[in-house]
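Shared chain: chain A. Partners: chain B in the first complex, chain C in the second.
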Partner chain A sequence: MPRTRKLLEQHIIDFFENTFSKQIQEEPGFIRKARIEAFQKFKEKGFPTLKDEKWRKTNLNRLLDSYYHPVAHSVIKDSYENDICIVPELKTKNIYLVNGHYAGDFQELENGVLLGSIKQAAGKYPELVQKYFNRLTEKSTNPMDYLNTALFTDGFFMYVPENVKNFNLQISQKLDAPVDALINTRNLVIIEKDAQVNIIQCDDSNEHRSHFATFDSEIFVKENAELNWYKYQNINNLSALFSNSFSEVKEKARFYTNFYQLNGKLLRNEQFADILGKEVEVDHYGLYLVDKTQQFDNVIFISHSSEGSYSNQKFKGILDDSGKGFFNGQILVKKDAQQTNAYQKNDNILLTDKAKISSQPFLEIYADDVSCSHGSTTGQLDNEALFYIRQRGISKRDAQLLQLYAFTGELIEAIKIPELIEPTKDLIKKRLNGELDVCEKCILQCTVPN
Partner chain B sequence: MLSKEEHQDKVLKEVTEQEYKYGFQSDIETEKFPPGLNEEIIRKISEIRQEPEWVLEFRLKAYHAWLKMEEPKWAHLVIPKINFNELIYYAKPKPKKKLESLDEVDPEILEVYEKLGIPLDEQKALSGVAVDAVFDSVSVKTTFQKELKERGIIFCPISEAIRDYPDLVKQYLGSVVPYSDNYYAALNSAVFTDGSFVFIPKGVRSPMELSSYFRINSAGTGQFERTLVIVEEGGYVSYLEGCTAPQRDENQLHAAVVELIAKKDAEIKYSTVQNWYPGDKEGKGGIFNFVTKRGICKGNHSKISWTQVETGSAITWKYPSTILKGDNSIAEFYSVAVTNNHQQADTGTKMIHIGKNTKSTIISKGISAGKSQNSYRGLVDIKRGAINSRNYSVCDSLLMGDQCGAHTFPYIDVENRSSIVEHEATTSKISEEQLFYLQQRGLDEESAVNMIVNGYAKEVLNQLPMEFAVEAQKLLEISLEGSVG
Partner chain C sequence: MKKKPLLQIKNLHAKIGDKEIIKGLNLTINPGEVHAIMGPNGTGKSTLANVITGKEGYEVTDGEIIYKGKNLLDLDPEERALEGIFLGFQYPVEIPGVSMTNFMKAAIDAQRKYKGQDPIKPGEFLKMYREKQKMVNMPDKMKNRSVNEGFSGGEKKKNEIFQMAMLQPDLAILDETDSGLDIDALKAVADGVNKLRNNDNAFLVITHYQRLLDHIVPDIVHVMYDGKIVKTGDKNLAKELEEKGYAWIEEEYKKSKQNA
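After this line comes the complex of A and B, so read on.
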């Protein structure tokens, strides 16, 4: 059993060298090349340590109590149609990512949308995939990205051609390994000019296995396109999931994310967005509800490489029991990015003396005609407000819940898909009430009345 | 009539070409050690200063720790490689004989201090400030010693304190900044040459402001002074520190350590106006100001307040910090940091809350112009036991020109549920509307900018003692007037 970091690293290195490298012989050269380069970097650097600036609050040693089998082939069902995710009254295309595999066929839809496994896409549309694959992750210095590039088994590929509007995609990611497993999923999303896409993603797991999962996405949002991405993460408290996204956003495009971290041993979302044109709008929102010994991290980096754009980061957290939270948000305004408006806000509520939050809102600004601000607050429930509510005959617990629920309101209000609002509210209420466990099916299933 | 742009260029040119007015070099004979750092040099420093054995031991321990350390690289600074073996670690004005009164101080040194406007001469000391002047590495003259002594206040060079009050120094030296704290602090602990020592006895409020003035005069030297301020129960002191250096093409290193200890109900107010030579407008020369300043609110209800106006130095690396150990203790940090031309500053504070009901306030105002980089970096750390603690931070940055950078790197760690921490920061340029408003009222662009900058920095300048506030305001004007773009 690998009880040390070194052993786990060695175990991964051996797996790549002895087994995995043989399995990827058939892959297109550009993917193999990217894998080998990334593997070399991983071999050199290993996992991040507490000495790495952005990992000083995140100790990976707590993941070492399991033996993670690298998943190369996985037994997956023929169909997951029965595990339907229901968002009432919302028409979506559904896809399933199971243990790093894409479950289903490659689809070429009527409106020209290409949707399917990234590995199949690389075979069917090698030029298209090669043009974008690893373009953004290549620059990363995060060992989790090295690991992902080197060892991803599969993932989803989506290409939305120009002018396709209101395309809704629902993704169910399932960590459902029969043994404790290392799972690496890699995705590529290309939204062409003037297209408009909504993605709703649920991260879900079985109840009893430890998963060590990475989920990397490269996202290209072209001129005047729009991508809205909602994510609900609810995995078991034995598993860790590192979701890193890299996006490139062109002129007049809108990229919007709203992520909910609900359960998991360690959830870490890193989002890197590069703004490459005027009048771009990038919004990254997130809510983390942490208790027991969970730790949820958010690392956001928004780079304004072009003038006249707007970005906003809003992250809120409630930390109970011995829960830990880490927020590192950075706004980089490059020299020529004049007339930038960039904002950042991180608010936290600590409910116990064992909970911990570390908040790092950074600004790095090289242009003078800008308006940038950030704020960070940490506090607790307002006693006067509690008293006021209790005076009205509401129990202490309910009064507290009411206040906590109100605290999350800002993020729920930011949801742009009306059909999602009620299910999200419901999820948060359940979570705050301690009623939300790992669902056997998708998270949003929880909202369907019996 | 010049067009607006031409006018701005003209003003900007005037400002950027403004001479560093303290850049003279005095022709005073100095006694210097050969360059280089090794055990022998350290032993020699200790020997020449006739230090007791424990000081030498402290130095050697620090030296060996330093050898194993690496220069910190996390700051947002580009620091040229410093060859520590080319520096001179000890330089002092050649002594004629032991100084008994002011008349015996080298007249040329007096002239230097006169140029700097330091009230060294007790006859003219209407301003009522007691001064300890440190010239290169050695304390030259401390004024008002007698008056202070009557109240039991000790204010003297640390070399004297080591000789006359060894027990006090031994107890506290390195107690707040351990010799192995960081690279530059370790270096300082190994080679520190002089600095000021302040001791305020129980219940005594210092009747006057205590002040030290540092000046690096000799070429090729580093300055490593060490300041130790101890305030016993119920005492109070306001301490001022100012710095200048001659204009030189080479970089010079200033690595000081300041330790403050505030006992129960004690209060220390520590103000700095830092105006080391910043280098010329091409970025040549200037002082590297790598300073470790830390205070501890040891007793309950104690208070430490840092105020700094940073306008000089080619590179500033400085984080005056406070450990709030006593219950109900209070810490404040007020800072204005101005960078112009090729200056770089990475400065801020650390507030470590350990005691209950502790409060800290951080007000930081950064102003960057020219091609400079100005960063605020600060930590607020509320430990689990620091219940009901409170922190409020504001870090604003003002950008003047499109070649400079202004950055904010706050770190906030909270580990209990009863504390409240707030942090906010903004970055912007001078508002066109404010400028327009003032110009409408008949002010020219320059005065308008000046007024806005002064207003922007007021919150901090107000914290300075009178004499310093005036000097600081002047410095701000020199550094910035007209650099609106």
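After this line comes the complex of A and C, so read on.
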């Protein structure tokens, strides 16, 4: 029996069949094929519902009853140089992703790094792109990934050759549509052997439009390579952003993420990491600061397919007002993945009776010689500590802020780029203090001292 | 000329939940005085400290507390602190992630703001910090640690005295600061208090034992029993209690109650 489709779902299906399928005629065959297959799956399955295991706490109904317009290329400005997402003292390349489009030229750098639009890359380096594109997303059963593959407009492509060290990239993603908009961005990152890369990403939006955005990244970290990815998300209270990353991490490689969910109507980060080699280290850290009626989700899946590797998930959240959070952390240790060390921790502070967190650890272990642990805590601010601090003359509000700020310390201490520490602290303080606005420019720039 | 009292407690009654703990307590403390309150466990000594400093969970059902001429019970805990009341906690609380220096800087700046002054300059703050650390024999490395986190019992108590030295209160209440201290730590604590004593401030030392009072010599000693002060004397009263224990106090109190 055909299910009743939500407005957005029907709209997407009509748009793909009537309009988008004609616009992609010129695309390389492997991309078109991937799109059509993904579209068929989307059409069949539709958006996730509360019946889906990982969506039981995340109600999309209100979003799906709205109309979001696909954003055409013409609304992109020529230059975003003035919107540069800059952390001073950091030597970085800067790129801009605006409404699902890549703003700027394709760059072939002296050190061999390729950086530019994924669509341009598919034209210039078809073999390279075809080798990796959709290899990881193809296996996903999440409708958000079907949607992203079927309808992505563009995104960034980065290829870092062997041995390139200390390559730093800043990404400014802007949701800046003139109308309520559906935005799908697709990225591909390939880090070759022994290379070392830092990515700093800011997700921003304008103040007044509602965006429904997906942001999918496929990430390949080759033998003994290192990728560190920092992300700061600060979009308006009308917009939803679903960021899914799929990574494949090879022997002795290090993949590290530290994500800050600061503002938005609905922010959901899903990270899937497949460990394919010995002595790999995967660290996923995250902080979510939720208030009003916001909801921030983190869904993590780390698969240990090889022996002798390490993974660590550490997520912390502060939930105020009627804010909601959802943490689902999965660790899979396959039969041959002996001597695996896999850890997971999720700590939460609820500031009101109405704030809610659902924290779900899920460990699936088939090897017998492993060290795994998980833990989850949910609590209120410590009243004894509050009185102790106030007894020293510090106001109740400041005493609370001091404690909340301290709670976030563990994640700040995990930042490996010294220049990022102060701006991150500043962002957190502003957010806890209720002073963080959606910026016209990048959020990190908002916070740079004059 | 006689000084105005710093603290006047008149007929104080206070309860936690349905249980009355303070049952008609009177106490007057003048500037320059050191008072000791002694008494067996569970007679309301710590409750008194908590009521004076404004801890939540206590209900004052009768009586009043006048401090520097103001009704203290109208003030929030932080306002009482800013007015110069300091509590040395019996069980200092650990605050993970908040470093001692950040904590003290926030406290000093709150005090300065209250007085209409600018935040303290970092250099001036560190100089003061080192001086006071030295005064209570606290190693410098402790300033980077989180407040009380991983401190030994003795270190926690010294840390209370250190904070008192930093904040220079007008009325310091030390709640069982001597419990769990070895003799060296006890001396360091007493030393700190003695250095801070002057004609304008006052101390209320709550203790079980005479031993702290060998080092901090009180002007006035009170004995608390059943939620009120049942006996007041000079430092010799403490010695008497040390020799005879509290049993005779209890008996005297029960007798007087029967007679009444």
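Going forward, the second predicted complex is superposed on the first by the 439 of 450 C-alpha atoms of A that agree within 3 Å, B and C clash if a C-alpha of one lies under 4 Å from a C-alpha of the other, contacts with A are read in each partner's own complex, and residues count from 1 in each chain.
One rule holds in what follows: a contact is a pair of C-beta atoms (placed from the backbone, for glycine too) under 8 Å apart; a residue touches a chain by one contact, two chains touch by 3 or more.
Treat the numbers as computed from the prediction; the structure is a model and nothing was measured.
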item	value
Combined model on chain A where chain B meets chain C, clash or fit	fit
Partner chain(s) touched by A:391 [first = chain B, second = chain C, both, neither]	second
Contacts of A:40 with chain B and chain C, given as first, second, both or neither	neither
Touched partner set for A:407, first chain B, second chain C, both or neither	second
Dominant contact partner of chain A by residue count, chain C or chain B	B
Which of chain B and chain C A:53 touches, first, second, both or neither	first
Contacts of A:141 with chain B and chain C, given as first, second, both or neither	neither
After the two structures are overlaid on chain A, angle v-u-w for chain B, chain A, chain C in degrees (C-alpha centres, nearest 10)	70
Chain B versus chain C as contact partner of A:382, first or second or both or neither	second
Closest Cα approach, chain C to chain B, once both complexes are overlaid on chain A (Å)	15
Residue ranges of chain A in contact with chain B within the complex	53, 57, 335, 338, 348, 350-380
Residues of chain B defined as touching chain A within the complex	74, 76, 384, 387, 397, 399-429, 485
Contact footprint of chain A on chain C as seen in their complex	53, 55-56, 76-78, 81-82, 86-87, 89, 92-98, 102-103, 106-107, 110-111, 114, 146, 163, 167
In the complex with chain C, residue positions of chain A that touch it	382-385, 387-396, 398-399, 402-403, 405-407, 409-410
